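Please go over the structures that come below.
Look for subunit A in each of the two complexes below; its partner is subunit B in the first and subunit C in the second.
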Partner chain A sequence: MKLKPNIAVSESGFVFNPATGESFTLNPIGAEIIAKIHEGLDYSEISEWVKKEYTTDEATFERDFNDFVGQLKINGLFEKSKNEEKA
Partner chain B sequence: MSISDKKRYERPMIKKMEAGVPNKFGLRSEYTPMQEIDGVSIKQLLKDYGTPVFVLSETTIRSTFQKAKKAFTTRYPKVQFAWSYKTNYLDAVCKVFHQEGSWAEVVSGFEYDKAINNGVSGKKIIFNGPDKTENDLVKAINNESLIHIDHLDELYLLIEIADKLNVRPKVAIRVNMDTGVYPMWDRFGFNYENGQAWDAINKIMRSGKMELMGLHTHIGTFMLSPNAYAIAASKLADLAISLEQKYNHKVKYIDMGGGFASKNTLKGAYLPGTDTNPSFDDFAESITTALLNANFKSDEMPLLILETGRALIDEAGYLLGTVIANKRASTGKRLTIMDIGVNILFTAFWYDHKITPAQPFTHYTEETAIYGPLCMNIDVIRENINLPLLNKGDNMVVHYVGAYNMTQWMQFITLRPKVVLIDTNGTPHVIRENETNETITSLEKTPQHLSSFNL
Partner chain C sequence: MAFLRKAKMKRKLNIGVTALNAIDSPGPGVPVIRALREAESFDVNIIGLSYESLEPGIYMHDLVNKTYHIPYPSSGMDALMYRLNYIHEKEKLDVIIPNFDAELFSFMKLSDKLKDMGIHTFLPTIPQFEERHKHNLPEFGEKYGLNVPKSKAIYDPVEIQSIAGEYSYPIVVKGKFYDASIAYNYEQAKSYYNKISAKWGLPIIIQEFVHGTEFNVTGLGDGNGNTIAAVPMRKQYITDKGKAWGGITVDDKRMLDLTDKFISQSKWRGAFELELIKAQDNEFYILEINPRIPAWIYLAVGVGQNIPEALVNLALGEKVYPFTSFDVGKMFIRYSWDMIVDRSEFEQISVQGEL
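And then the complex of A and B:
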């Protein structure tokens, strides 16, 4: 789970992909999660953190997280490493 | 950290920014949450009466009626509304209109009996529609109701009954006509342009067996053109004046039917109906100007009857429901499933209903489709709507649902919900119970040979 290296993430929730010129907005929790992914945290670490900070449960977050990561992939923001493809 | 210190969870969301493409939905206030109806908490209503639930505001019914009445009575000396039962015939709703002074307009024996049971005097019931049985007609004649003749077969049957019972039915004819609006509603009544209307009038007048009380038209429904009403009113006025010249007979009323658009937004319309649809004043101005300009003597203006339906009740009705699930279509599009389907929200076939959340959200929104819970492709409540990031269990308010839903709803797969009326003091009352399995199965009968089986 890794963002493409040249992707620019701002703290205020904007993402810029210089390769395509596309910009994206994120809601605050989306921005925080992207930052965590950027730092190299994995799903279980992120999930622990979200459950501590927000009123949600594992099942809800897992589903929403997978959906979110799916959107990051569709929008071409994720690196397709060999590992990733196998996983 | 205790629960109360935690932040309200919202789904993580990413959205591509499309520079220079203004969002078609961006101007709408659809995601402003609505948390109360007439001061009553929506969460509490859902807790007390279940989800989904229809809620009607008596205050809004009365104020809408007063607005419509004022639009006409300030422009024309004699005005009478008749509540179109088919629009919403829950007894409590009809009685609000009757308390406001509305007569009853019915289109079937079932509706006729409902009006009588509600205590409406027979003389104040207008009986429209193509399907009145002989029994219905006899009852209506004996009660001196106003029978609006739809076709020649009915006219002949009335003459027969009048002969047999030696009574004089009070009648009007329904006239259809070209008002410049298409498709033309020429299935009902007698046509103006091709002379059918005159033919019917001649038959009634020559028979001498009936009292021709009025002329009626209903030019269509969800009409957006006040001018069409001006044309229709002039044509009926012409008929009335020629009738007087020919037979020296004055009709007592001109009935312009219903059809005014409500505040809803028709599917495919670019701007919301609240901004674009004509007001009661616009329709009143067109109709009354046409009648006042006709050649009636000033002290012999006919009574103007209006059978306005949807425009009087749509706004007072809300449908509250709950998000069941969020999904993504194979195309990546967000889909939201609610417990409100087209089985109870029949008008979703015609309108892009305004839908707002019932709890506060951040300003982040997402384009989504809203589907109902039925296992059918046609069960679409909104194909495209910009809404906050809804979670399972969140509540939603569908607006302007007062007309036709509580009469055209279907019992399909599941049971119909409660209907609640909030009175003018803010007290909710159940005015129709939810159905139970018993409601449905009590009408069924199983033949003896099907009573048992071995699986």
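And then the complex of A and C:
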């Protein structure tokens, strides 16, 4: 789970992919999660942090997180895993 | 310690620039002039070369010092040469930068004569100009190992049916120089064929439609296979004519590699614009090669590559070092601007052909 190294993320939640010219905006919690991913935290660490900071349960967070990561992958912001590259 | 140093004087060049129009498919002339006025290696006296009295650049007196009408390419090269002789007598032109596709052939043909007069150009060679034509693009792609969509040049709308059977709809119907429309069925394709051929003549090019994201690269080749400049841009806002009205510079090595390959293989001489599409298979395809500076050239200047300045220096036979970088993530956002012009100015350019 790693953002591509050239992706620029600002504190305001603005994401710019310099390879494609595409830009995206994140809501505040999306920006916080991206920052955690950037810091190198894994899923369980991010989950613990979100549950501590916000009122949510594991199932809701897992669903929303997977949806978010899916969108990041679809938009080419994540490095592909070795398995995904083979596929 | 030198308390007093003599200010270094920059040389002043008289440069003729065409394409001062700014309709919904704007000409590159005005942005080229802005670039030249920001040149570090010379100062300029800009001579506008116009075809019609309503080209806005004619009236932009802070950018254009003087404008002369020149005859349309259809009037022939003798008429153009006669007019350029007259303008040169008055203005002592050092360089001309033609910016319209339709006029390039005349200027290329006249380039030796112009050089004898002391007027420099830096244009593609006629074989380069011819082989990258829309109707020669498949052969060009094959010759230089570049991805291009399938296309055919046709002279009769009857041929649309068989080509569409091969490519499947939608297809792109393109004019020889300008205009392109996407047709979703035979009736549409035939209608675009008639409309575009009436304006730009034959052939009409039928091109396979490639789904994807549009990118452009503008650059400059020195004629020996070296890339002097290259700036890729993603179109962010596209008009119904397919023109970028907003764009952003991007950092994609594959586009720069493709540009280097295009220049080194074809030994491209002069400025150009590659119109690219990144298809769903993640490959870049060249849709068109425009043999001139594009209207969005000022973005290249804004990110550190003053291509018109480099082109002028190449035209004058000077050593020009390649640009090695540009700012990524800078945008251009185009706008239109209503000028208030006195009728007497319109009258003067219309009646006397100069202003």
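Throughout what follows, the second predicted complex is superposed on the first by the 81 of 87 C-alpha atoms of A that agree within 3 Å, B and C clash if a C-alpha of one lies under 4 Å from a C-alpha of the other, contacts with A are read in each partner's own complex, and residues count from 1 in each chain.
Definition applied: a residue touches a chain if its C-beta (ideal position, glycine included) is under 8 Å from a C-beta of that chain, and two chains touch if they have at least 3 such contacts.
Predicted, not measured: the structure shown is a model, and the values here were computed from it.
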- So if we stack both complexes on subunit A, do subunit B and subunit C clash, or do they fit? fit
- Message: Applying the document's definition of touch, where does A:55 land relative to subunit B and subunit C: first, second, both, or neither?
- Response: first
- Message: Once the two complexes are aligned on chain A, which partner has more residues of subunit A within touching range, subunit B or subunit C?
- Response: B
- Message: Taking the superposition on A as described, I'd like to know which of subunit B and subunit C A:8 touches: first, second, both or neither.
- Response: second
- Task: Applying the touch criterion given at the start, work out whether A:75 contacts subunit B, subunit C, both or neither, answering first, second, both or neither.
- Result: first
- Counting only touches as set out at the top, which of subunit B and subunit C does A:18 meet: first, second, both, neither? second
- Query: Who does A:66 touch here: subunit B (first), subunit C (second), both, or neither?
  - Reply: neither
- Query: Once superposed, minimum distance in angstrom between C-alpha atoms of subunit B and those of subunit C?
  - Reply: 5
- Task: Could you tell me which stretches of subunit A are touched by subunit B in one complex and by subunit C in the other?
- Result: 22-23
- What does subunit A use to touch subunit C in their complex? 6, 8, 16, 18-23
- Item | Partner subunit A, residues of subunit C touching it in the complex | 213, 215, 233-234, 236, 247-252, 278, 328-329
- Query: Can you list the subunit A residues touching subunit B in their complex?
  - Reply: 15, 22-30, 33-34, 50, 52-56, 60-61, 64-65, 67-68, 70-72, 74-75
- Within their complex, subunit B touches subunit A through residues 1, 3, 6-17, 19, 326, 328, 332, 362, 364, 389, 391-392
